[in-house]
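Read from first to last, the chains carry the letters A, B, C, D and E; within each, the first residue is number 1.
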């Protein structure tokens, strides 16, 4: 999974019918330190994550293994909201 | 999914027979701000998107999960036309 | 799919038995303008493309969805020879 | 597979239910020489690897082929702890 | 497939049980000219390739379509040893 921060939402009315009702979040990929990598992805939200939250994104066929995304033409899913990223004796990020 | 702008169409007469009738659009990947990333993809259109439109592209096996692309040797599909890309209190892109 | 130009052929006698009889073309990825991206891929040819031709390459599991490549350990296939790449009022590439 | 070093752990309470009980390790990709590539991945641990250890990470659908990760929305798994990386007459890395 | 040169072997005792008996080769990706791209992959060997040999590596789900790698958590396989890489009137690499 990649670490990212939600920076917005994509709105689309003309889309594949299987996408109806899915929430499409714009995620900026970040390093554990919080620094942006400069890359983005638009991912389906399966956990109720909102703008500003740090999340984990799974890509490829794995993105279709949640109830939300099953058999849909999506290649990226937000499957966790990050509380903390920590090493031994160091904390990269915390949200509490 | 990746955000991109359609910049043209690829025409091919000699191709795998499963590709007959598919529309192949040339998509330039862009950042939410609209800036080009410098990368391109040729994607099958499943939503009637035309040159100049901002779209979402799904890649990999997920690209085969639309009626248009089912069981075909394609690895990229346009599955949504973007109306708006917006953050909290900011709009990156709008098409209306 | 990615746009590329065939620059040569890979010859191999010691290979997985499922690869017998497949033609392995060396493809240099190019931008729509024809400029090299600096990356290469070795792709199975399913359309009779030769050195110098501009082609479309599908990667990943999608590369196994042609008669030529079915259930074989290959991750890249040439599934179309490009006749023209064109935008609105501009032609990036033409082969006729 | 990619070579990486575990630099920490990701903690998440709000996540897809299939992720319950999985250990999410933050892995920094490294070259055989041990030098960081600058990229990271968060991978599910299937072998009991801890912070500081050099591991192999499998990505994509292959990440779901362990008992730990079967049918779960994860796209990266730690499937081996590296003891040694060695060429002919040279050792890039050893852990003993 | 990508072109690479085997530069060593990865040794692991603590690993997913499905990996028992597989040979894990460290491959440095190269351009057709032989120049290193600076990237590496650890791939399962299915053709008896050794250090110093130029090989083709298939990645993703395709890496599981050999007898050696079937249903195993591996995402890269060596499926051919390269004898020659040649264009029209030019030879990039030869091994004989």
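Here, a residue touches a chain if its C-beta (ideal position, glycine included) is under 8 Å from a C-beta of that chain, and two chains touch if they have at least 3 such contacts.
If you're wondering where the values come from, they're calculated on a predicted model, not measured in any experiment.
Copies chain A and chain B of the same chain sequence form an interface built mainly from non-equivalent positions, shared numbers / all numbers used being under half.
One finds 32 Å separating the Cα centroids of chain C and chain D.
Centre-to-centre separation between chain B and chain C, using Cα means, comes to 20 Å. Contacts with at least two other chains are made by residues 59-61, 63-64 of chain A. The cyclic arrangement of chains, read from chain A in the direction of chain D, is A, D, E, C, B. Across the interface of their complex, chain E is touched by residues 7-16, 18-19, 24, 26, 40-43, 51-52, 59-61, 63-64, 71-76 of chain C. Across the complex, chain C is touched by residues 1-3, 31-32, 46-49, 56, 58-66, 69, 77, 79-88, 90, 92 of chain E.
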